[in-house]
Amino acid sequence: MKILKNGDIVCLFSEKGKKWFVKIENRHFSTHEGIVDLQQMVGRQSGDFIMTSTNNKIYFFTPSIEELILHYVKRSTQIIYPKDAGYLILKLGIKEGMQVLEVGTGSGAMTLVLAHFVGDSGRVYTYEERQEFVKKAENLVREFNLEQRVCFHTKNIGCGIEEKGFDAALIDLKEPERYLRDTVESLSCGATFGIVVPTTNQVSNVIRECEILDVLGLDICEIFFRRYRVNAERLRPQDVMVGHTAYLITGRKIKSG
Amino acid sequence: MKILKNGDIVCLFSEKGKKWFVKIENRHFSTHEGIVDLQQMVGRQSGDFIMTSTNNKIYFFTPSIEELILHYVKRSTQIIYPKDAGYLILKLGIKEGMQVLEVGTGSGAMTLVLAHFVGDSGRVYTYEERQEFVKKAENLVREFNLEQRVCFHTKNIGCGIEEKGFDAALIDLKEPERYLRDTVESLSCGATFGIVVPTTNQVSNVIRECEILDVLGLDICEIFFRRYRVNAERLRPQDVMVGHTAYLITGRKIKSG
Amino acid sequence: MKILKNGDIVCLFSEKGKKWFVKIENRHFSTHEGIVDLQQMVGRQSGDFIMTSTNNKIYFFTPSIEELILHYVKRSTQIIYPKDAGYLILKLGIKEGMQVLEVGTGSGAMTLVLAHFVGDSGRVYTYEERQEFVKKAENLVREFNLEQRVCFHTKNIGCGIEEKGFDAALIDLKEPERYLRDTVESLSCGATFGIVVPTTNQVSNVIRECEILDVLGLDICEIFFRRYRVNAERLRPQDVMVGHTAYLITGRKIKSG
Amino acid sequence: MKILKNGDIVCLFSEKGKKWFVKIENRHFSTHEGIVDLQQMVGRQSGDFIMTSTNNKIYFFTPSIEELILHYVKRSTQIIYPKDAGYLILKLGIKEGMQVLEVGTGSGAMTLVLAHFVGDSGRVYTYEERQEFVKKAENLVREFNLEQRVCFHTKNIGCGIEEKGFDAALIDLKEPERYLRDTVESLSCGATFGIVVPTTNQVSNVIRECEILDVLGLDICEIFFRRYRVNAERLRPQDVMVGHTAYLITGRKIKSG
């Protein structure tokens, strides 16, 4: 059972179906359904409720990592979607104890997901040359107390990857084909890499680059996600859905020669 | 670096793109590309290769959990697809140390995935009344040396769930609405449950049942997965795709009253 | 070659990719790219251009029926989408000379499409009990000079269908299963009917009703439509797409007994 | 009411849900449900039934154009799918009386659809350099008594299009960008063209070519089609669906200068 304390991030959930994500601090939080005294949550468990100033019930939860990615991570850059992140975690075989390379920290959303799954005994090494992104991602990771699982490098991997023998790698930046050789070389033999790209031209570029590297089992896919309205007597999909996030490319490093 | 030994499951991968999944034993394995002496892989690392009797190169890998589900688990019953399993892992917030309830062991594919992600300090409690399924799932889990992470119960949860305070639950059997009350009651306050159902009628039934339980934040979705042909100059999706696996329903247990 | 005259509906198309649909009248039309004197288009051909008051080029076209449905028909009620309308036209085998029954005129969008395809020698008989919808649909059909191809009935078909021997029928209203028997009875033997419904519960209701009627070859589908960004070097789907419009059900009337 | 005669193509439909497409001739037709004397259908109406030698009921129908494309046209080359054909018919605004150019006759499936919709007063001009395809398409069109609506040219349009002022054009061959200039030049001002291509590389090539032609309003899409199982109490999509047929590109010819 999770007992909440100051500094925790919670998802507030009104009975009308509205959602907010806040950090528990010594302050009041205003909603259309009244004002909430955040301190009232301290010492209580996830799933409990508090009343607003206008007497509306607000439930609060420890958010899942899926909710954090979608609703909490600041959209300073393209975030990775849960539908894609979940598939990649399985496909890359991420598990506790793994050493994972991330090329392109970006918003830090995927850094967070990777750190979540490598556990206390694993580690994520993430490279990003834009300092403001590194800073934001560091703050994000610290907010979830996962900083000891992540090693941030403020540099382009073109300038050298400082570690070797990664168990998995994920590339999420603009010209992945330029960083693929270095990424593959830094992997353990047999390890899987993943690449996230929005355009078909990038997919073609990655395929071409893989043809000259020690890579096998290239696999390319895209994932669609469609929500349904929660109505037992009038069940139907929602009117609008996300039309595209990214193409996902994965492959395996093989022994040279 | 992963050094292979007898009893390990490997994915064989020919240069022509054909795949096989076998356990390393003291035997020969026949393929259209020649015969492979499985013992040759012992002591070597994932990503290395061996030659067949007809001089074809066969690479071998430690399979990812995504490949295991799709290719290795015997299709005795409906398996869960990686696209769905990955999303549920994120949505249920599965992580090391968690105590997870699985209602309906089925093929054991999802049991394996859950066991993979709860780590050495977590545990999966799985209920299934059909003894032959329990047996197969136990063998499967043992094959991956995860038996200490799973507790199998050969019974219908209608006869009582023996544990309490689960951090997450997954229901994957025919009439989930019949088991939902017991499942929700066995969860920690604030915990998330997931339900996997193939038909729209089942979705409606689950929604109706949730309306009378201590549940909030019901979310219903389906996920589509489309592969692309690996061809840089003629990039296009594959001709055929899976049209449907399941609707995924998730929700949160709230404090009663 | 189409020469434009007063009363014609045109699609204005700026070089920046913005679109407007207007009727050619004796007035000026204001856009963000300047003011357009609509009379300048009279006597000129579709595909030509005029200059706005701020010297921007605006091309004008006779709109296709696909554009009319999507952009011109007033959204007083749910419109049918081109992706669905086009498929139904093929599936119902609509062609010149056909006598077609429409149950539920609604916005008149599908009335317009049917009238377009039955030609001068065919006829659409459309039933709608809400007088304000009939009025709007009549105006719409008149605007395209197709009024001689459509017979409007302001009544519920439960009160009797006045014609017999239809070559095809389309049902697009709330409880189609209530009108299915009358619709099927009014069809020629062997003719095809189509039903458009947004929810899965309605689909189940229609299937149940068909089981007791002289109907064969029931076919149920849904159609997804995804646009791509027009960018040769960065080709990718648009971020957002329509998640759902309707389930399409079709079947054939067979001889009784 | 349609009375069947020798030479007509019919769809046979067993009560078990099996379908066959045959031409009515003086012969017997064998099925798993018994032998059918095809002559028994002569003089009877679509939607009626006959009994097989083993006393099974077989209904017969005049097929819709959607069924003809999917089930009757010989798959000598890639056929166009009804989901795509229906949308293109709407998007190109095809109607009775139109003069339509088809570049690449292929199987003749789309020729048939276009001929169906241009009516007796319209005409389809179709170009194809492979003589065997022209022959097959001519036979197909003749089988449906639409030969007076189609003009076949056994030549590459690179050698010159013999007509001018088309109301619409459809390009369905391998390197559409090579034929786009000639196609656009042969269109009436304001007319719409459509292009059907399977790969993303072709889409990029077409976009690039359009940038230097008198073309506006380029629109690129793909259409997905998913069937459902006909079961009111267990409603769900079919397990497998078509993953890809083609990208559809449409645009408008504008006045030069």
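Per-chain numbering from 1; labels A, B, C and D assigned in written order.
Basically, a residue touches a chain if its C-beta (ideal position, glycine included) is under 8 Å from a C-beta of that chain, and two chains touch if they have at least 3 such contacts.
Nothing here was measured: the structure is a model prediction, and the numbers come from that model.
Each step here moves to a touching chain, and the least such steps from chain A to chain C number 1.
Of the two chain pairs examined here, B-D and A-B, the one linked by more C-beta pairs in contact is A-B. In this assembly, the C-alpha centroid of chain B lies 43 Å from the C-alpha centroid of chain D.
Centroids of chain A and chain B (each the mean of its C-alpha atoms) stand 21 Å apart.
Looking at chain D, one finds that residues 200-201, 203-204, 226-227, 233, 235 touch two or more other chains. Interface of chain B with chain D (complex): residues 198-201, 226-227, 233-244. Only residues 1-2, 13, 15, 19, 45-49, 59, 61-62, 64-66, 69, 82-83, 85-93, 95-96, 113, 116-117, 119-120, 165, 188-192, 200, 203-205, 207-208, 211, 216-233, 235, 247, 252-255 of chain B touch chain A when the two sit together in their complex. On the side of chain C, the complex with chain B involves touching residues 200-201, 203-204.
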